[in-house]
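Next up, some structures in C-alpha cells.
Okay, so chain A shows up in both of these, paired with chain B first and chain C after.
Let's look at the complex of A and B:
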C-alpha cells in the first residue's frame, strides 16, 4: 500500500512538473518571445516585411493577400494550402489529415497552421493577388424558407467586383455575444455576374453556427459588412455536354448565379436542375426558376420533395433528390454533373452519377468541407 | 476544486466562443471535471455507461445518414431519427487532433414528442471524454433525458 502511494505521488509530481513546464512555454510564447522582424518572400519576387509570431494566413491577410479558407483559419477545412519552400518548420499533426504524401513532398502546407517565426519563402498562385477585400452594405434580407435567407450586399469600397458564376466569397463575421473572435466563412455567390456592384449570398441557418447565427440574429439591413474574394474553380465547363445540376438548401446559390450567366449569353445547353427538400417548406425561388425556364430553352427545373406534407397538394417528384436523378436517367456517360449542398448529399450524388456512367472528372462541386 | 494547469487551460477553451457559438459550458459555473464526474454518477444510477450512450448515438447517426436529412423510423416505430449535415467541421476542444463533420442528428420519441439532438462532436466528447457539455450550452445533453429516450428498456 505504501509502495503504491509512493508510486502515485511520484507520478503526480512528474506530471505536475511537466504541466508546469508546458505552461511556462505557452506563457513565454505568448508574452516574452519576440520573433522580431521577418521577411515573407512570395514567388521569389514580392517581399513583405512583417513582425513574426502570427500564422501565415493572417500575415498575408493583413497585407491584403487573401488565401482561400472556408473555416477562417481554424485548421478545419484544409483549403488554405500554399507552398512553403523554406522557413516553415516541420509539418504539424494538425496539417497531415489534409495533405497527401505528394503534397508534403512538394512542401505544400496549410497557411493557417504555419507560424511565421523567421524569414520564409512561399509560392502562391498569381491569381490570388487579384482577390480583394470589399466593404459593403447589407441592403436587403429576404426570407427564402424557414431556415434560409438571401442577403444582398451593395459594394462600397471598391464599388465593383468581377467574378465568374459559381465562385464564392468569404464573409467576415465580427465579434458578437456568441463569438469572441472575428471569423471568416465561405459562401457561394448567388447573384448575376453582370451586376458587378452587388453580391447576393444564400445562407442556411446552422444550429449554433458562429457565422450563420450572427447573420440571422444580428445582421440587419444597413449594416456594413466586409467580404473578400472571389475564390474557387466551380464554374460551367466550356463544353456543350448536357448537364445535371443537383442541389439542396443553400446549394441553390451558385446555380442561381450560373443560370443568370447562361441567360446572359443565351446558352442553349441542355440542363436539368434537381433541387431537393425534405418537405415543400424547404423549396424556394420557384418563380425565379420559372423565369429561367422561360428564358433558357434547354433548362428544366425539377424540385424533389422527400416527404410532402399531407394536404400540400404536391404533385412533383417524390423521394430523395438522388433517387429522382436515378429515375430520370438510365445513362449519364455523356453528361456533366454539377453539385452544391450538404457534404452527405454531394457524396450520395457522386455515387449515383458514377454508377450511371458519368466519368468522375465530369463531376464538379465545391464541398467547402 | 483545485485544478491542474492543463485542466485550467481546458476550462478556458470550453468556456471560450472560439470553436462554437456560445462555447461548450453554457451558464454552468462548475468546473468541467465536476460536470463530467456528476454526469457519470447520474448515468451509473441509471445503469448505463457513457460509452454505451455514445455507441447508441453513433448507431442512430449512421442509420439516418443515408436519408439525407429525412426522418427514418426506429425501434419498431417508437422513435424516429434524422441526420442533417452542414458545410464545415467542428474541432474537439481537448488538446488532440480531432475534426468532426458538422452533422446534427435528432431523435424524436413519437409517443411523448420529446426530441434530443447531438452533433458528431458530442458523440466523440461523450465517448472519449465523458463530457455532455455544461448546462445551458446549446448542445448540452442531459444523461437522464437521453437515456430515457434511447434506452427504453432501462428504468
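Let's look at the complex of A and C:
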C-alpha cells in the first residue's frame, strides 16, 4: 500500500513539474511571442492578415499556399526559397549555406527561417497559388496500344482544376505488392483544359516501373487516386510562328491537350505533328488526330513508323521521326519546335532542329526520364 | 581562506579542468552531431558554441537546484534523466522566445541556434556528470560554464581546421564526416596532453 502511494506520488510530482513548465511556456507564447496582427503582401497584390510570430512557410501553408519544402521547415533542405522584398530582417546564418551570392542580392530567403514579426512583402511564383492536391476517381481506362492506356480521372475534392495545356500533374502511387513506399510520378495532362473536372493521363507500361505497373495491374475503374499539380511551363508560345511538334509514345499526352486548346480558340497557326513509333502497333489516337485535322485548318498529323511490319500495308512515313522532319523541311529558322518523349528522342530532335536553323530558344520540351 | 573563497577557487579549478583535461567533447565524445555538422564555418561554429556555453551554464545550475531541492527530498533521484530533459527543453524554449522578442540582434547571432541544441547530448551529459561527481552549487556553475567553453573551443578549432581543409587534397572516401572524425580523434589526443598540466 505504501509502495503504491509512493508510486502515485511520484507520477503526480513529475507530471506536475512538467505541467508547470508547460504552463510557463504557454504563458510566454501568449504574452511574449504574440507579435499581434501582421500583413503579408504577396506579389504586391494579395494581402493576408495573420497573427505574427510563426515562420513564413507555416503562415503560407495555413493559408493554403504551398511553397515546396522537403524537410518540413527545419532549414536542412533549402528548397522553400522565396523572395522577401521587405520586412524579412537580415539573412540568418542558418540560411547562408543554401543561398548563392546572387540569390542573397536578389532578396531570396528560406521561407522556413523567416519569421513574420511585422508587415512583410513577398514574391512567389503565380503558379504556386494553383498547385493543390486533388482526390479523384478513376472513371475510365482505355487501351490505346498494346502498352499504352488512357486513364480518365474525375476530380472530387477540390472538384475542378485550372491548368494550361502542356502542364503535368504528379500521381501518387500507393504502397502495393510491388513497392513498399508511396511514390509520386509526373504525367502530362492529355485532356482539354476547359474540361476542368477531368484529367486524362496517357501512361505507357514501363517494364518493372513501380507506378506504371500499379496503374496497369492494380488500378481499376472506380478507384480513388490522389494527384497534385499542375506543374511545368511547357505550353504554346504566344506568337503566330509556324510550329513543329515531335512526340513518341506517351509524349502524345501534352499535344492532345494543346490541340484541344487550339481548337477551343480556333487557332489558325501552321503546325505539323510528327508522331513516331517503332511499328504500326505503337501508333494511337488516329481518329482523334483526324478530328483535330478537320477542325484546325493549319494542322497536319504525320505518323512515322521506324520498322513497319510486313503485310501491315503501311504507306506513310518510314524511319525515325527526326528523319521525317529532315525530309519535310529544308529550313526551320522561322519555326518553333515542341518536343515530348524520351530523353534520347528529345536530344536527337533538338540537334535536327538547330541544324535546320531553328534558334535554340524556340525549342520547347518536357523530358521524361 | 574562508569557505566561500575556497568554493570559488574550487569552481575555477573545475572550470579549467572542464575546458581542457575533461573536455566534454573530446574526452567523452558528447555533442558529436552538431560538432560534425555545424563546424564548416568559423562564424556559425562560434554562434553555436556561444549558445552551448550559455545553455550549459544555466541548465546545470537549474538542474542542480531541482536535483537538490526536489528530487533528493522526495527520494526520486532516479527520475533525474526525465526531469533534466524537461527542464533543459523548457529553458531553451523560454530563452529563445525572450531573446527573439527583445533582442533581435542577439537572436540572429545566438538565438537561432538554440533549438538546435535542445537535444544536444552534451547538455544533458553535463547535468548528469554534475550529479555523479557530487559538485556543489558554485562548483556546478563553474563546471557548466567550463564544459560549455570547452565545447566552444573544440568546435572553433575544428571549424578553423576545416576551413583550411577546403584547400587541401583529402582522399575522396574521407571527405566530409570521415576526415572530421579523424581530426576530432587527433584533437582528443592533444587535449589529453593537458592532463599533465593539472596532474
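Everything below uses one rule, namely that the second predicted complex is superposed on the first by the 240 of 369 C-alpha atoms of A that agree within 3 Å, B and C clash if a C-alpha of one lies under 4 Å from a C-alpha of the other, contacts with A are read in each partner's own complex, and residues count from 1 in each chain.
Convention: contacts are C-beta pairs under 8 Å (C-beta built on N, C-alpha and C of every residue); 3 or more make two chains touch, one makes a residue touch a chain.
Small disclaimer: the values here were computed from a predicted structure and weren't measured.
More residues of chain A lie in contact with B than with the other chain of the pair chain B and chain C.
In the superposition on chain A, A:248 makes contact with chain B only, while chain C stays out of contact range. Touch criterion not met for A:79: it reaches neither chain B nor chain C.
Residue contacts after overlaying the shared chain place A:94 against chain B and chain C alike. By the touch criterion stated above, A:10 is placed in contact with chain C alone, chain B being left untouched.
Once both structures are placed on chain A, chain A residues 22, 93-94, 97 are touched by chain B and, in the other complex, by chain C.
Against chain A, in their complex, chain C makes its touches with residues 40-41, 43-44, 47, 66, 70, 74, 76, 79, 82-83, 86-87, 90, 93-94, 97-98, 100-101, 104, 108-109, 112.
Remark: chain A residues 9-10, 13-14, 17-18, 21-22, 24-25, 28-29, 32-33, 89-90, 92-94, 97, 113, 115 touch chain C in the complex. If you check the complex, the residues on chain A that touch chain B are 15-16, 19-20, 22-23, 26, 70-71, 74-77, 93-94, 97, 178-181, 185-186, 204, 206-210, 213, 248, 276, 278, 306-307, 320-322, 342-345, 348, 367-369.
Across the interface of their complex, chain A is touched by residues 4-6, 9, 16-22, 65-71, 83-91, 97, 99, 101-104, 117, 138-139 of chain B.
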